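Paired with chain B in one complex and with chain C in the other, chain A is shared by the two complexes that follow.
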Partner chain A sequence: MHHPRQRPGKTVLLTFALAALTCVTMTSAQEPDFGDVGFEFPPEPPPQAADTPTEFDGVPLSIPGGATEALLFYLFGGTLLVSALGVCISRSVVRMATWLFFTLGAASVLYFLLGAAFLGAIQLIVYAGGTLILLVFGVMLTSKSPWVRYDCPRTEMAAAAGVAIVLFAGLLTLLTRTVWPGTAPMARGGTVAEFGKELLTTYLVPFEVASVLLLVVMIAAAYLARQDR
Partner chain B sequence: MTQMSVPWRPRGKAKFDGPAGMVAGGAKTVFAIFAPFVRAFPGAIMLSAVFGTIVAVWAHYLLFEVVDIALIGSTFNIPANTGLLGGPLTVEEARSALTQIGAPAAGFLCYLLYPVQYGLVRDLVAAGGILGFISVIPLYTIWWERKVAGRIQSRTGPMRVGGWHGWSQSMADGIKLICKEDLCPAGADKPLFKLAPYLAFVPAILAFFALPFGTYWVFRQLDVALVFILAMLGIEVLGVIIAGWASNNKWSVYGAMREACQMVSYEIPMGMALLIPIMCVGTLSLTTIGDTQSGGWTSWIVFRSPFTFAAALVYYIASLASCKRAPFDLPESESELVAGFHTEYSGFRWSLFFFAEYAAMFVVSGLLVILFFGAWYSPLPLLWADGLGESLPARAVKGVLFAGPIWFIAKCVFLLYVQIWLRWTLPRIRIDQVLYACIQVLLPLMMLILLGHTFYELLVPVGGVVWTLFNLILSTIGAVLMIGMLFVATYGCWNRVRLVGNLGRELLPGS
Partner chain C sequence: MADIGLMHYLMLAAALFCCGIFVMMTKRNAIGILIGVELVLNSVNINFIAFDRYRLIHGLDGQIAALFVILLAAAEAAVAVAICMNLYKNLNTIDVDRGDALHG
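Let's look at the complex of A and B:
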């Protein structure tokens, strides 16, 4: 049975280097200062006004900081972790894709919990509804045997384990050294209209660069897929 | 009907076991109780069931509203963390709120009103309503589809089960499907095979959670409702693809691949067509988009400009492809692929795919209605209803004549009918023709429409001469099309004996 050989040697090395770099950056910051990375936690939201009638019209997904939110967070956080593990462990590519679907879905629920509904919906439509389908479609079109399995050699497994350990150490260091704010910052004041306005004014250049990149990819794909004459 | 003699040995009383048997037995009992009545008075029971449902749903809605008024009017502070027990309202306050409004039987109603103040209770009630709706819609759409298919092909369709025009055919099918063996092929990827129907069905339910049936008739008023529903329609496809793949059957994989390529390509013109109403109104919230069309027939977005008119058509075609309805039903084309992606499925899992398909048909029709065809507003402008006031009968009149979920559902059901009609009229096209139609026809057309609409919004002032002229011309075209259709339908009904022969004289209703 012929399995197409994967050649991830360079990729693994590159990932390894990136992970190490991230790690060094993380650990070198003795006292993490969020101002440095261009991110500021918004001030703690004022305690909920006691007599806001909109509380019952809008019916938020959950009351911030309440028991419901904690329950949902642990439920979907757990789903995310388990399904992410499933992506790594399963051998069948289509099963991996299914696990990945649950990972992406759980992540989008977490965005919804944070009040970032637009991000959550976009996550669902782009990754779960678009990329994943293309992924499965690609597997179906290119596979020669009914069950595509991903078997990787020992050396690559060892390299991947190394990368994982280094990344884990880095993340653990970050986790223990950071002084976290008491409550998670909610995405506030972000209606879709404001979001769009920001995207087309303040962040116009990155937005356009991303579109041009996608256009280039599209043209390249059309060029590759074109019939040879 | 006399007992027919059959060549095989008559079976004893059917014995089922397990939960399926309980469901089937319960359904059989209910059926045995109700079927004779329905056989005797079909029309009256159908009318009263529809009327009763409307009144019951409306009563719930009014209850919610009264609670809102009572909660806002109460002098108590509403804590952010209202637990399950000990909410802001007591029974006594609920009673006083009811007496203030002047409701009858306040002493009894206050006990109903008390639990409704909790979000959880409301959510459960609303989710139950949505689940019920999703169960009823496929049940009756399938029956209806079979009847319409019969008429189009000069047959009668289901006529036996329940007595009156086979009204309970779908229910009988449902019982059969529940009792059927749950097969899983030996070579299949078992976990994925079992998961796939749920991956198709659950997103279809979730789409309803963001779909408004009226200005205040929505489970969750999401800011991003449109994107959310589109995402759910996209995820439903994943279920179909995985079903085809996990079956380990050539035909199923062909069906799944066709579905994937069809869906991925048609999502592009569909999404671009949906951008047009968003550009007109400037929001992704379906409730807001619907509410801008309250000014009667001419204010519907479809008649706003030539480009919105064309975009509505493009969206409708793309939506047919996205819920794999004919002429785009290649994923399950029975003439070539046996049954496509659901070849290997049986029993309840198989029926879940159909629940998902018919629910998705309703959702895409609902999107079309909200975005282009005046949402929950009737062709009469809402302004005319201003003099009616806020009393209960006035609101009922307003709900029936001007704006309400009834109008939304009626329009959606009409569009469902059009989908059925097209399915039994048009031949299925080939997969290369499907992709040609999308990528080389619909997509460039949609790009032109998008560009044209951008300039139209930019250059033609709203309410100016050109704008009004186009609006009036398009509204007239729409009205003429609608009246023409009604005319053709009436003509067909009038001449049914000449058109379908004795069938129309003996079996069809009203003959």
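Let's look at the complex of A and C:
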């Protein structure tokens, strides 16, 4: 039943290509000057107008800062990393989906922490409640047993781990060498009203295109998954 | 504990991104690869929202971009699961290495 792997060369080639690309990125990261590429960071916004809401229904819109933020960040950032590593090392796809659930939940808490309360809720509803369930349905419809697994050879696993680590090192180098403008964080998160107003004025066209896309996807998925064709 | 800044979120997102890349490279199960894609998209979303919070992009632009990413991820997952079902119907497995009919 085991299918002989005919072309391990491709993964190795991809590995070297990615590693080389990352090394080039690392060595060429010379404290980028954003003025050169014609990009300017937006100016500091004016101080909050008097009529800007600071609380909604008695609930303050302010974002926790200082020690509270640090505690929550390390707690849920740690959860995020541990569960992402769990996805990496799980061999059964059902276990992967379970770890992914914790990853998505921790990410939604980070969204709340970053003042994007609406997106945090959307993340839980659409991602954890919709996309993830769809994936689990996919697992159930495409295997004879939920514990079926397709193993990856150890050499490819090691090569992939090497690529991921080199990529991470490259990204870290890039991040630490970039000079970020030290702008103060937003004092409060956006309200849903502001979000909706932005969506229906500045982003009206993408919004409508997205709704057409959802319709197309709905028809396409139903057509592709049809039993008798 | 030091104050949490933009860099903390960016580093966390970079780690999540690399986990996603690793999952995409090592899993042979088509649904597993899809899970890797979801990890990568989530790391991108964390970046967008962190840039928004630390005012590196204008207004709510980062949050709106993240909303569209979530929407596209849901659409992509729906179509990809339908394709996986077709793969399973034709090959009786969703090992992506077995779908090599177009391999020259």
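Definition applied: the second predicted complex is superposed on the first by the 134 of 229 C-alpha atoms of A that agree within 3 Å, B and C clash if a C-alpha of one lies under 4 Å from a C-alpha of the other, contacts with A are read in each partner's own complex, and residues count from 1 in each chain.
As a working rule, a contact is a pair of C-beta atoms (placed from the backbone, for glycine too) under 8 Å apart; a residue touches a chain by one contact, two chains touch by 3 or more.
This one's a predicted model, so the numbers in the text were calculated from it and none came from an experiment.
Asker: Tell me the contact category for A:85 with respect to chain B and chain C: first, second, both or neither.
Answerer: second
Asker: For A:156, decide between first (touching chain B), second (touching chain C), both and neither.
Answerer: A:156 sits against chain C, while chain B stays out of touch.
Asker: May I ask you to decide whether A:198 touches chain B, chain C, both, or neither, giving the answer as first, second, both or neither?
Answerer: The answer is second: A:198 touches chain C but not chain B.
Asker: Go through the superposed model and pick first if A:210 touches only chain B, second if only chain C, both, or neither.
Answerer: A:210 sits against chain C, while chain B stays out of touch.
Asker: Under the stated touch criterion, name the partner, chain B or chain C, that contacts more residues in chain A.
Answerer: Touched residues of chain A are more numerous for C.
Asker: Between chain B and chain C, whom does A:141 touch in the aligned arrangement: first, second, both, or neither?
Answerer: Both: A:141 reaches chain B and chain C.
Asker: Once the structures are superposed on A, label A:122 by its partner contacts, choosing first (chain B), second (chain C), both or neither.
Answerer: both
Asker: With the two structures laid over each other on chain A, which partner does A:130 touch: chain B (first), chain C (second), both, or neither?
Answerer: both
Asker: Should A:98 be classified as contacting the first partner (chain B), the second (chain C), both, or neither?
Answerer: A:98: touches chain B, not chain C.
Asker: Show me the chain A residues, by the header's touch rule, that chain B contacts in one structure and chain C contacts in the other.
Answerer: Common to the two interfaces on chain A: residues 63, 66-67, 118, 122, 130, 134, 137, 141.
Asker: Quick one: in the complex, what on chain B touches chain A?
Answerer: Within the complex, chain B contacts chain A at residues 68, 71-72, 77-81, 119, 122-123, 187, 189, 191-192, 195, 199, 220-224, 227-228, 230-235, 237-238, 241-242, 245-246, 248, 253, 256-257, 260-261, 263-264, 267, 282-285.
Asker: Under the touch definition given earlier, write down the residues of chain A that touch chain C in their complex.
Answerer: Against chain C, chain A makes touches at 3, 5, 11, 14, 41-42, 44-45, 63, 65-67, 69-71, 73-74, 77, 80-81, 84-85, 87-88, 93, 96-97, 100, 103-104, 107, 110-111, 114-116, 118-119, 122-123, 126-127, 130-131, 134-135, 137-139, 141-143, 149-152, 156-157, 160-161, 163-165, 167-168, 171-172, 175-176, 180-181, 183-186, 190, 194-195, 198-199, 203, 206, 210, 213-214, 217-218, 220-222, 224-225.
Asker: Which positions of chain A touch chain B when the two form their complex?
Answerer: It comes out as residues 48, 50-53, 55-59, 61, 63, 66-67, 92, 94-95, 98, 101, 117-118, 120-122, 124-125, 128-130, 132-134, 136-137, 140-141, 146-147, 191-193.
Asker: Given the complex with chain A, which residues does chain C contribute to the contact?
Answerer: Spelled out, the residues of chain C in touch with chain A are 1-4, 6-12, 14-23, 25-32, 34-36, 38-39, 42, 45-46, 49-50, 52-60, 63-64, 66-68, 70-75, 77-88, 93-95, 97-98.
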